[in-house]
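I've put the structures underneath this note.
Here come two complexes built around subunit A, the first alongside subunit B, the second alongside subunit C.
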Partner chain A sequence: MIALTQTLILGVLAGAVYALMASGLTLIFGVMRVINIAHGAFAVLAAFLTYSLWSAFGLDPLLAIPFIMVVMFGIGWVVYQGAVRHSRGSHVSMTVLVTFGIALVLEGVMGIIWGNRSASIRTDYTDASVEVGPFFFPQVQLLAAAIAVVVLIALYFLLNKTWLGRAIRAASVNESGALLVGVSVAAVAALTFAIGIATLGAGGAMLGAIQPIVPGTHYQWIARLLAIIVLGGFGSLPGAVIGAMIIGVTEMLATTYVGSAWPVAVPFLIIFIVLIVRPQGIMGARLREDLVS
Partner chain B sequence: MAASRATRIAALTAGLSLLVGVSACATDSGGTTDDPIVIGASLPLTGEFSQGGLDTQQGYEVWVEMTNEAGGILGRDVEIVIRDDATNQNTVVTNYNNLISVDDVDLLLGSQSSLLNIPASAVAERNEMVFVCPSCGSPDMFNRGFEFIFFSQQAVATDQARVFAEWIAALPEDQRPKTAAYPSLDDPFAGPVVDGAEAILSAAGIETVYKDIYPATTKNFDSIVAAIAASGAEMVVQGAQFEDGVNFVRSMNRAGYEPDILYQSSSPTYGQQYFDGVGEDNTQGVFFSTSYSSVASTPGNAEFLAKYEEMFGGIPPEDAADGFAAGEVLKAAAEAVGGIDDQRALADWIRANEVQTILGTLSWNENGSPKGDFLVGQWQDGSAQIVLPAEAATSETIFRWRGAAFE
Partner chain C sequence: MSDAAAKSVQDERRSRLIRNGVLAVLALIVVLFPLIGDASMENTMILALIFAIGASGLNIITGYTGYLSLSQGAFLGIGAYVAAILGRSMPDISPFVWMPVAGLTAALLAMLLGLVTYRSRGASFVIITIAFLFLVQFVATQWVPVTNGTAGITFPLPTWSNAVWGNWPFHLVLVGLLALSILVSWWIRRTKFGTGLIAIREDEGKAGSVGINAPIYKLLAFGLSALFVGMAGTVYGYYLSFVDPIGMFSILNSVIIVLAIILGGRGTLLGPVLGAFILVPVDAFANNYLGGGNIRLLVFGGLLVLLVVLLPKGIIPTVQLLLEKRRTKGTVGLTGSITALADRPLPPPREKLAPVGDTMLLQVTGLEKSFGALKAVDGCTFGVPEGSITALIGPNGSGKTTVFNLISGLMTPDAGEIVLDGERIEGLAPWGRAHRGIGRTFQMTRLFREMTVLENVVAPLRDFQFRQLGLGAVSGSEAEKAEEFLEFVGMQAYRDARAGSLSYGQQKLVELAQILVLDPKLIMLDEPAGGINPTLIERMGGLIRELNDQGKTFLLVEHNMPFVLGLCNPVRVLARGQVIAEGSPAEIQKDPLVLDAYLGDDYMLENRSGDGAAAKGEGR
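== the complex of A and B ==
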C-alpha cells in the first residue's frame, strides 16, 4: 500500500508538470486549429534560457520564471507572425508540417548556441525531498506543481474574466461570428499563440531544474503532450489538466507494476483507446460536422 | 596486313598497360602521391548520444592534428570527413554509404555507441573496408562472422564490469553486499554490462532483488528508484549511457535512497559533465569501468593530453581518448602493411598483432573483439581515480558510495 501511494504521489506531481506544458498546446489548437509540433522544442528552449540565466548570473529558476515567460511570449509572437500565420486556415496537416519545420530550426539554433551537450541546473531543491511519514515528495516537482496551479488558474481567469479571454473563446468557437462582433481574429490568434508559448515557458524553466537538457529531447515531449490533449479533448484546458494527471499517474504505475519499458508506450496506448472509445476526448465537445462525417 | 594489325593491337595493349601502370603508380598508397589520405566517420553530434559523439569527434581531431604534425601516414597528410548521424540508426547507414560512394574516403573510423556501430559496421563489411570503432562493445557486434570490424578498447561489454564484480565477490563476507539491483538502459552495450556483472555477483551469492530495462526516453527515475529502494538492495549496478545515469542519481537523492555501493557503466566517465550533473558530493565513491586514465603512463598519453589541452582545454573525457586510440590502431596497421588499398591485409594485420595506444596495449580475437580487461575507476574527492587492478591503481583506497572506505 505504501508503494502504491508513493507511486500515485509521484504520478500526480509528474502530471502537474505535464499539465503546465500541455496547457499552451491545447490553447493554441483550440483557437487556431494549429497542432504545434514545435511545442516540445519551445519547452527545451525555455529550459536552456533558464540554464543561461542560472549559470551566468546565478538566477534561481523559480525567480527566472517571470522573465522567461515574457521572453517566450515575445518569441512566440515573432514565430507566429513569421511562420505559423501563413498556415492558418490551411488543412491541419499543413500546420503539422510548418510547426515540425519550426521544431527542427529551433533544435538547430539551440545546438549552435548551447551545443549538443547536456546542461544541468542544480539548486538546493533540485535533489531534495519533503518527507511525510514513509512518503517522499520531490521538492522540485512540488514547486513545479505549485507553479502549474498558479499559471493554470491565471490562464483560467484570463480566458473567463477578461475581454481578451472572451475574444479568444469567441474566436475558438466561431471565427466568423467573432469577426462580425468586432474581434480582430488575426490579432487574437497571434496573442493566443504567444500566450501559449509563454505558459510553456514556465514549464520549460522548471524542466531545466528537474532534469538535464539537450536540444534533441524535444521529440520525447511532443509525443507525450499530444497524447495529453488527445485524451483531454483538443482545445479543452480542463481536459488537458485531467489528461496530464491520467498520463502522469499511468506512466508511474506502469513503471512500478509492469516494467520500466512500458511508460513510453502509455501515451500511444491512450491515444488508441481514446480514438476508439471517445474520439473527442474526455472534455472535448462533439461537433455537428463530426457527426455528419 | 594481319601482322600489321597484330602489331597495332600489341602496341595499343602495351600502351594501355603502361598507362594503367603509370596511373596505378600515381595513386599507389605506398607513398608516391602527395594526396591526403581521407578518413570518413559518422558520429552522433546531435540527438541522444551527442555527448559521447562530440567527445569522440574531439579525439579524432586531436589524432589527425598529431598525426599530420608527425608526418602523416606513409608520408601523406590525413584528412577526416565527419558526418552527423543525429543518433539515428538509419542515418548512420546512409552516412557510411555516402562516405564510401560519394566522398570516396580511403579509410573508415567508427561511430559512437554499439547502437549506431552495429548497423554502420554492416556497411563497412559489405564494402570490405576496415572498420575500427572506438565505442562498440556489444557482443552483438562480434557474433555475425564479420572480418573487417575491430573494437579499439580493452574488452567487450559483458566483460566491462568483470574486474569490479570479481572484486566485490571477493570481499570478506561482512563487507560484501547481500542484495543487488540491476537497472539498465535498453541498449546493446549497457544491457550486457549489467548481465556480465550479475552473473559473477549471483554466483558469489549476492541476491538479485531488482532487475529491469528502461528505454532511452526515460527521464524521470523517481518511480524506478522508489521500487529499488523498496527492494532493499544494498548495491546498485546500473547500465547507463550519460543522461540516465545523472537522472538516476538525482532520483536517488530525492528518494533518500543510499545503497552502500553504486556502479554505473558509462555515465561517470563523462568527467566534468557528470560532475556538474550530479554534484561533487554525489560523485564520491561512484564506481565505473573505464578504458582510459589521464594519469596513465601509456605511450603517447602525455603528448595527447598536451594537444587536447591546447585544442579544447581541460582533461580529455574517455570517449575522446577512445577516438584517439582508434586512429592509432588504423595508423599502425597502414604503416605496418605499407599501404591502404588492400583492406583485407589491414584487417589481417590488426587481427594478428598488438598495438600500443594511449589506452594501453590492444590485441584482438579472430572476430575483432578485444582480448584485455577494463580499468575500474572511482570518483574520489572530486576527481576520477583508477582503483583496480592494483597494478594500475592511482588510489589505494576504495570507498563506499558517499561513505567510509573499505578496510
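== the complex of A and C ==
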C-alpha cells in the first residue's frame, strides 16, 4: 500500500510537468488546428539551452526559466512565420508533415550542437528529497511541479482575463467570425504558437534537472504529449491537465509493476486505443461537423 | 480551326511517342544497371528500387485514397522480419518461398491498420500510423524469443552462390516487384475500384451516400499497399543479411517513402517511383559525403518542410499543369451558360398537384439525435407517400438537414425507426441505404471535385460485388446512361470539365444527374432551389416534376416558399426537431402553429387571396 501510494505521488508530480508541456500543444491545436509534432523536439531544445546556461555560467535551471521562456517564445514565433504559417490552409495531414519535418531538423541541429549523447544537469538539490512520514518527494520534481502549477495558472489567467486571451479563444472557436469582429487571426495564431512554445520552454527547462536529455528522445516526448491531448480531447486545456495526470500515473505504475521497458509503449498504446474507441477524448464533445465530414 | 485541331492531335501523338521512348530507355537502364554501376552505385540502385516499391504501394492509400501514412516503413521491416524468423528456423528452404509469405503478412497487418480508418481520418490517422510504427518496433525489441530483441537476426546465406551471381538476383527480383506494383497501381486507376478510392479521397461521406462501400474498398487498398513492400522487405533482409529493430523500423524510412510520393506527385502512376529515384541518391550522398546521421535529419526534415510549402502537388502534376497551360494558351474554356438547359421544352404544367397515395414509401418514427446538450431532432415522425413530392420545411436550425443525414445514413440516430419500402434501414450504412434506393443531394453541393463531370456521374454504385471492383471505370453502357442523365439536366456540354470548376448552380444539376444513376426510389434534395438564379429554379422545378411523372418519389428540404407550395404535396413542417404540422400546401398556409413558428403573420396578409396558387406570392 505504501509502495502504491508512493508510485501515485511520483506519477502526479511527473504529471504536473507533463501538463505544463502539453498545454502549449493543445492550445496550438485549439487555435489553428495544427498538430505540432515538433513539440517534443522544442522541449528537448529548451532542456539543452538550459543545460548550456548551467554548464557555461553555472546558472540554476530554476533561475533560467524566465530567460528560456523568452528565448523559446522568439524561436516559436520565427518557426511559425518561417514554416508553419505556409502550411495552413492545406490539408491537415500536410501540416502534420511540416511540423514533423521541423522536428527532424531540430533533432539534427541538436545532434550537431550538443552531440548525440546524454547530458544532465546536476544541482545541489538534484538528489535531495523531502520526506513526509513513509513517503518521499524528490525535491527537483516537487519544485518542477510547483512551477508547472504557477505557469499553468498564469496561462489560465492570460486566456480568460485578458483581451489577448479572448482573441485567442475567439479565433479558436470561429476563425472567420473572429476576423469579422476585428481580431487579426494571423497575428493571434503567431502569438499563440509562440506562447505555446514558451510555456513548453518552462517545462523543458526543468527537464534536464529531472532526467538525462538526448536529442533522439523527442519521439518519446511527442508520443507522451500527444497521448495526453488525445486522452484529454484535442484543444481542451482542462483535458490536457487530466490527461497528463493519467499518463504520469500510468507510466509510474507500468514501471513499478510491469517492467521498466513498458513506459515506452504506454503513450503509443493510449494514442492507438483512444483514437479508435473515443476519438474525441475524455473532455471533448462530439460536434455536428465531426460527424458529417 | 480544324488545322489547329489536327496539329494539336499530331503534337499530342508526338509528345506521347517521346514520353514512351524516354520511359523505355529509363526502364532498360534500370533493368541492366548492375552492368553499368560500381558497387556503391549498385547499392544505391537496390535501395532506390526498394523505396520505389514502397512509395508505389503507399500511393494506393495516400495518393488515391487520401490517407497519409507514416507506417509504410514498418511493412518493409515486417517483411524482412518474417523472412528472418522463418529463414532462421528453416535455413534450407529457398528465400523465394518466404517472399509471398512476408508479403501476405504485411498485407494482413496493413488491413488491420486500415480498420482504424473506420473511426479516424486526417491528422488523427497520421498520428496513429506513427504510433503503429513505434509499437511494431517495440514488439520487435521486446519479443526476444522470436525476434532476438535488439541483437537482431542474421539471415542464413542464400542458396545461390554470391560469387557467381553477385547482386543480380536481388536486383532482378526487385525490378520484377516494382514492375508488378506499378502494374497493379495502373490497373487500380482504370477500374471501378480506383474510381471508388478516389471518390473516398475527395469526400468519404459523399462516397457512402452514392453507394460506395468505403470500408471494403479501404481494406483492400491497405492490403495492396503493403503487399509488395512486404515482399521487398524479404529481399532487403537477405540483401543486408541482417535485421534489427533500430535500423528496420527507423521512422526515416517512412519519411523517405512519404517524401517520394509528395515529390513525384501524389496519385500519379510514376510520380512516387520518380520521387524514390531522386531521394535515395540524395540520402546516399548525405550518408557518404556529408557525414550521415544528423545531416540526414536536416536534409529530410528540411525537404519535408520545403516540399509541403513550395511544391505540394509534386513534380509530375506541376509539369503537367505547365504543359497544359502552354497548350491551352490563348484558347477559351467553357463559360457558364446553360443554354442547353433553356432550350429543352418544359413539361406541360400540371392541372393539379400530385395526388397523395396511402402507402408510405418512407416512414420515420420517433427519430432522435443529440449533439452534446443540443437536441437537434427530438421525436420526429412523418411519412413520405409513394409517388409524392413531399416537402420538409421549417425555420433554420429546426433539424431538417440532420433529419436528412439520419435518413441517408451519414449519422446514426440515438433512437427511432426509419422504414423504407417496408424495410427497417436505420441500422444500415449509407451505401446500404443507397443500394436500397435512397439518393440524396447536399445543401452545399458535394461533388468529387478533382473528377470530371462524367466520372462523377458514373461513380455511384447500385450494389456491391467483389467482381465489380475489377470492371473498367467507365464502361460503354454506363457512359451512355450517364450522358443521358447529363443531357436530361442539360449539362452534357460539360462532361469533361473538372467538377470543381463548375458554378454552384451547375454543380446542383450534376449532383442530381449523379444520384439518378442510382435509380433511386426516393430522391432527397436538400435545398434544390437555394442559391441559384430564378430561371434555374424554374427549370429545377420542371426536372423534379418530370421525374415525378416517371414515378420517382421526392423528399425536399427547401426555404423558397413559392417553389415549395407550387410543387409539393404534402408538406411537413419541422420546428425544434419535431413535426408540428402536416398537410397540403393550402392547409399548411392556414395553420396557426406554422404561421407562428415559421411563415410569420405577415405571410397571411400578403397571400390572403392565395388559395394554393401561392407560387405567385413573394414568400416570407
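Keep this in mind: the second predicted complex is superposed on the first by the 288 of 293 C-alpha atoms of A that agree within 3 Å, B and C clash if a C-alpha of one lies under 4 Å from a C-alpha of the other, contacts with A are read in each partner's own complex, and residues count from 1 in each chain.
In this section, contacts are C-beta pairs under 8 Å (C-beta built on N, C-alpha and C of every residue); 3 or more make two chains touch, one makes a residue touch a chain.
Source: prediction; values computed, not measured.
*Asks:* Which of the two partners, first being subunit B and second being subunit C, lies in contact with A:186: first, second, both, or neither?
*Replies:* neither
*Asks:* For A:173, using the defined touch cut-off, is the partner it touches subunit B, subunit C, both, or neither? Pick first, second, both or neither.
*Replies:* neither
*Asks:* If you stack the two complexes on chain A, which partner ends up touching A:86: first (subunit B), second (subunit C), both, or neither?
*Replies:* A:86 sits against subunit C, while subunit B stays out of touch.
*Asks:* On the A-aligned overlay, A:101 touches which partner chain: subunit B = first, subunit C = second, or both, or neither?
*Replies:* second
*Asks:* Looking at the overlay, what does A:126 touch: subunit B (first), subunit C (second), both, or neither?
*Replies:* first
*Asks:* Regarding the shared-chain residue A:261, is it in contact with subunit B (first), subunit C (second), both, or neither?
*Replies:* both
*Asks:* Quick one: classify A:150 as touching subunit B (first), subunit C (second), both or neither.
*Replies:* neither
*Asks:* Should A:116 be classified as contacting the first partner (subunit B), the second (subunit C), both, or neither?
*Replies:* Once the two structures are laid over each other on A, A:116 reaches both partners.
*Asks:* Is A:4 in contact with subunit B, with subunit C, with both, or with neither (first, second, both, neither)?
*Replies:* Neither: A:4 stays clear of subunit B and subunit C.
*Asks:* If I apply the document's touch criterion, which positions on subunit A are contacted by subunit B in one structure and by subunit C in the other?
*Replies:* Touching subunit B and subunit C on subunit A: residues 107, 111, 116, 261, 264.
*Asks:* Mind pulling up the subunit A residues that touch subunit C in the complex?
*Replies:* The contact residues of subunit A facing subunit C are 35, 37, 83, 86-87, 90-98, 100-109, 111-112, 116, 219, 223, 226, 230, 261, 264-265, 268-269, 271-272, 275-277, 279, 285-288, 291-293.
*Asks:* Would you tell me which residues of subunit C are touching subunit A in their complex?
*Replies:* 68, 70, 116, 119-128, 130-132, 134-135, 138, 141-142, 205, 251-252, 255, 258, 262, 293-298, 300-305, 308-309, 312, 371-372, 376, 402, 405, 410-411
*Asks:* Where on subunit B is subunit A touching in the complex?
*Replies:* Against subunit A, subunit B makes touches at 45-48, 50-51, 53-54, 86-87, 183, 186, 212-215, 217-220, 222-224, 226-227, 230, 242-243, 246-247, 250, 253-256, 273, 276-277, 279, 282.
*Asks:* Taking the touch rule as given, give the residues of subunit A at its contact with subunit B in the complex, in rising order.
*Replies:* Of all residues in subunit A, those touching subunit B are 2-3, 6-7, 10-11, 14, 107, 111, 115-118, 120, 122, 126-129, 131, 136, 138-141, 210-212, 214-217, 220, 251-252, 255-256, 259-261, 263-264.
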